[in-house]
Amino acid sequence: MIGEGWKKVFEVSANAALIGGLIDACREVIAANADHLSELDRAIGDGDHGTNMRRGLEAVHVERSRLVQLALPRALEEIGLTLVMSVGGAAGPLYGTLLIEIGRQLSGASGQIDFARALERAVDAVARRGRASPGDKTLLDVLYPVHGEVVRRAGLAGICEVAQRAASLTTGMRAMRGRAAFLGDRSIGHVDPGAKSCALLTAAICRFLEEQWPA
Amino acid sequence: MKKFMNRSETLVAESLAGLVAAHERLVTFGADGKFVRRRSLRPGKVALISGGGAGHEPMHVGFVGRGMLDAACTGHVFTSPTPDQIIAAIRETDGGEGCLLIVKNYDGDVMNFEMAAELAATEHRIATVVVRDDVDPGGSTRSQDRRGVAGTIVVEKLLGAAAEAGWGLDALCTLADDLNGRIRTMGVSLRGVTVPDTERETFVLSENEMEVGVGIHGEPGRARVKFAAADEIVETMLESILSDLAPPRGEGLLLFINGFGGTPVSELYLAYHSARARLHSLGITVARSLVGTYVTSLDMAGLSITVARLEERELSLWDAPVDTAVLRWGG
Amino acid sequence: MKKFMNRSETLVAESLAGLVAAHERLVTFGADGKFVRRRSLRPGKVALISGGGAGHEPMHVGFVGRGMLDAACTGHVFTSPTPDQIIAAIRETDGGEGCLLIVKNYDGDVMNFEMAAELAATEHRIATVVVRDDVDPGGSTRSQDRRGVAGTIVVEKLLGAAAEAGWGLDALCTLADDLNGRIRTMGVSLRGVTVPDTERETFVLSENEMEVGVGIHGEPGRARVKFAAADEIVETMLESILSDLAPPRGEGLLLFINGFGGTPVSELYLAYHSARARLHSLGITVARSLVGTYVTSLDMAGLSITVARLEERELSLWDAPVDTAVLRWGG
Amino acid sequence: MIGEGWKKVFEVSANAALIGGLIDACREVIAANADHLSELDRAIGDGDHGTNMRRGLEAVHVERSRLVQLALPRALEEIGLTLVMSVGGAAGPLYGTLLIEIGRQLSGASGQIDFARALERAVDAVARRGRASPGDKTLLDVLYPVHGEVVRRAGLAGICEVAQRAASLTTGMRAMRGRAAFLGDRSIGHVDPGAKSCALLTAAICRFLEEQWPA
């Protein structure tokens, strides 16, 4: 159960192995898929989404030894800031805002930790940052369903599957935000690169947590 | 893709270093090389900061100097600069009168400048202008989504002259908002471009096709149509532009033909000739002109036409002295 | 070939008309539109006239104005102007102090200017400077056959400033002859060009080839070699240039990176950065710099490097005010 | 016999039909071969020789009615000047100098007309204008042999044939003048466009004269 899984994350806060493992999992999945993500971005954007994300995760990796010393909420916030300062483009502020906001919400929540609530606030912040709504063919079209699963207290495997499906569903959408929006109808028929990276990261995180706490 | 470069990771930095060295009289690198700034900052004026992804050279770095920008932040190719660059520029150029951030309307630029403004807000008075000069993409996207394209340098020139003349932050913002309704640009492309990182063309056109309504990031445009004679292309572009421009109020008209990087200047002047003749035939007189390769999309073959309706006061701001690497006139 | 044009027969005239209209403050057409001249001629100075085939824009028309040329004659694409144009320019600009014809060393240009000079000799005092700044083609042709390429605008700038300062015809000729030994240029091309009349590419390169030692008429160069990193290309070019340049006599060095029309300015600045670093590593300091798309070969992708060894007096001529469509600095 | 043929030309000086016929013959052969000449120029020059020559002959055609009123020497001089003022490039001054010089020599020659001598002076003037020598792979490599045949008092057919052969021989030469010179050895293996146009014009003139005075 995700709820249980996440709870464990916060119980073992400042667990260097855990933070380090999350960083490594994300970095690896992006490194392995960078070309694919840029390829997707080439169809409806400017062809750099994989490069951008890789640059961000490499910057986080450089900070790894400092980050693993921090409490998890603070670590998330710092990872977010590092992404903001290194990714650039649209993806930097969006992923940055997501992590900064999750971190802030969690560190604010004294005692009782409500991950679903923190995620909701963070996803809303991302939507505000991007002036985007569900259905606009962006990474929000993965974040919202993921949040829904977390609320439903779905298992890690379920979350992973929903994220994947949600990313695929962006194929049929007409982009209303980001560079793809300038293509109008020509954006239909392609997976959104940001949605795809979001699904990949979700899967990598879920896989890592699954290994930590096998069902 | 054959480009004069060493590695794609370093090409932006090497190119910027070249520009700064070649124009050392005018500009210098800011702290940690995060941005390029005017060599001699003038205290007592609002600081004007712009920036965006690389690949649009000479914009924005070529417009740093007296009478235009105080600083420009450059990101990777077609990737907006990051907030730390913008924050560093704010810190170094704010002389107490506040900062005006001039941002082209692209989601990435808007979000990065916004985060920078939020993070620096406690220590600096900051206002932001989002330039939206692209012609209405015609319902294919949200209408607030006009992109900021070549018209951006018209805005930068006018605001730069006004800031130099001592205008305050609020007055500059009012002017900028007003200009957004009176400057329109439309671009056409004859060839897609290759982003150095991807080594793939953004789109491929056949010998008799062109892409109309393109932006400046190599992205395809509003439609792909048959290539035509210059007069015909220019006529269609002007039609879109004029129908999208706020109705005239006795202003003077600025006509600006901009090359996208791979178009020889002789073709730009030919397009200018055609556009000017077309406007005359519509009874419209050209009051000011600019022709050149100023706002590019790597080495894209293509051009954009910008029409700006300027009031008397703004024509004076246009004529005011400017001393930058690229634009230079007046005393 | 996709060019912004209407018909190949009229493209030069339309483009020139655009340039003259866009810069009406500075230039105007001469009699019958046969040439472009400075709007306000200054009597009491030697008249400087240059010209050549179209396709090299903004050269020469972009350099007409105070402190540079008095008139420029443009021929068809890559075809020198005809003597009647040159004679008309001589008649209109000679204020009694004589005319200096600045000619790039291409057989066609040399012969047409020569015929014009012969035909006008009875009524005007005329001298001719043939610019030969291309690196020695290395025995493949007669050594006097160095072509006149990008370095031409350095000669035009220096002579222009000197003429403006009141130098006489003989002194100008002496300076020009002397400069021919101290300015060297080498060009490389990444892509052949399409001459509008023929609609065929002048040469075709594969993805990993470049042509070195090219001129500015789309002609192939000295050799076809493997494309390489910018630093490597620049190093090879500088080696050719420096080994071909008269030995230094304590002069200041001008480094000029020129784009051939299809090369984005960001790449030019990168090449400048590379060249400057290379020169520094050889213990050579750059005293003056110029980077831009000034002497083109239609929309050719490629660039040339020009190195000029200038004496103190010539550096002052370089710095002297110039007010033309393209070069503009000083008071 | 050419000597005889040419003599006739000067006897009937100011023969409008003759001057007009020569103009027309030259114009037609260039119009018919312009693309071919530009094609040759594309291999070792800048691809415009046919266009240049056509422009020149069209300009002469515009002046036709004026030119046919003149005495032949004067007409040749005027045709040369018209070519100079309209062709541009290398070919304009070269062909112009040739005709201007023939005209001047002939009009100077009071009474006794020596065409071979006039042609010799004119060809030398072309060589001076172009700073070129025999073997440089230029139109001079046709002009010199043609002059040789005229001196030998060869028939029109012979001249025509020599001109053709001389043009072909430029294929093996390494260009030392004009744009082709910049190719060095790479210029070998191609016919020189100027030599080709010169042979074509020679042939057209010979054919026309042949028709006027069949053997």
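We just call them A, B, C and D in the order they show up, numbering each chain from 1.
Here is the rule we use: a residue touches a chain if its C-beta (ideal position, glycine included) is under 8 Å from a C-beta of that chain, and two chains touch if they have at least 3 such contacts.
Keep in mind the model is a prediction, meaning the values are calculated, not measured.
K.L.:
For chain A and chain B, let me know how many angstrom lie between their CA-based centres, rounded off.
P.N.:
The separation of the two C-alpha centroids amounts to 32 Å.
K.L.:
Roughly how far is chain B from chain C, going centre to centre by Cα mean, in whole Å?
P.N.:
29
K.L.:
Which integer distance in Å separates the CA centroid of chain A from that of chain C?
P.N.:
55
K.L.:
Got the chain D residues that touch at least 2 other chains?
P.N.:
In chain D, no residue touches at least two other chains, as defined above.
K.L.:
So which stretches of chain C touch two or more other chains?
P.N.:
none
K.L.:
So that we know how the chains sit together, what is the shape of their touch graph: line, ring, star, complete or other?
P.N.:
line
K.L.:
For each chain, which other chains does it touch, given as pairs?
P.N.:
A-B, B-C, C-D
K.L.:
Flag every residue of chain B that touches chain C in the complex, lowest number first.
P.N.:
2-7, 11-12, 14-19, 21-23, 54-55, 57-58, 62, 190-191, 207-208, 210, 227, 229-231, 233, 261-274, 276, 289-291, 293, 296, 298-299, 301, 303, 328-329, 331
K.L.:
Write out the stretch or stretches of chain B touching chain A in their complex.
P.N.:
53, 75-84, 106-108, 111-112, 114-115, 137, 140-142, 145, 147, 195, 197-198, 200, 202, 215, 217-222
K.L.:
Using the touch rule from the top, collect the residues of chain A that touch chain B in their complex.
P.N.:
38-39, 42, 45-48, 51-52, 55, 84-94, 96-97, 129-131, 175-179, 181-186
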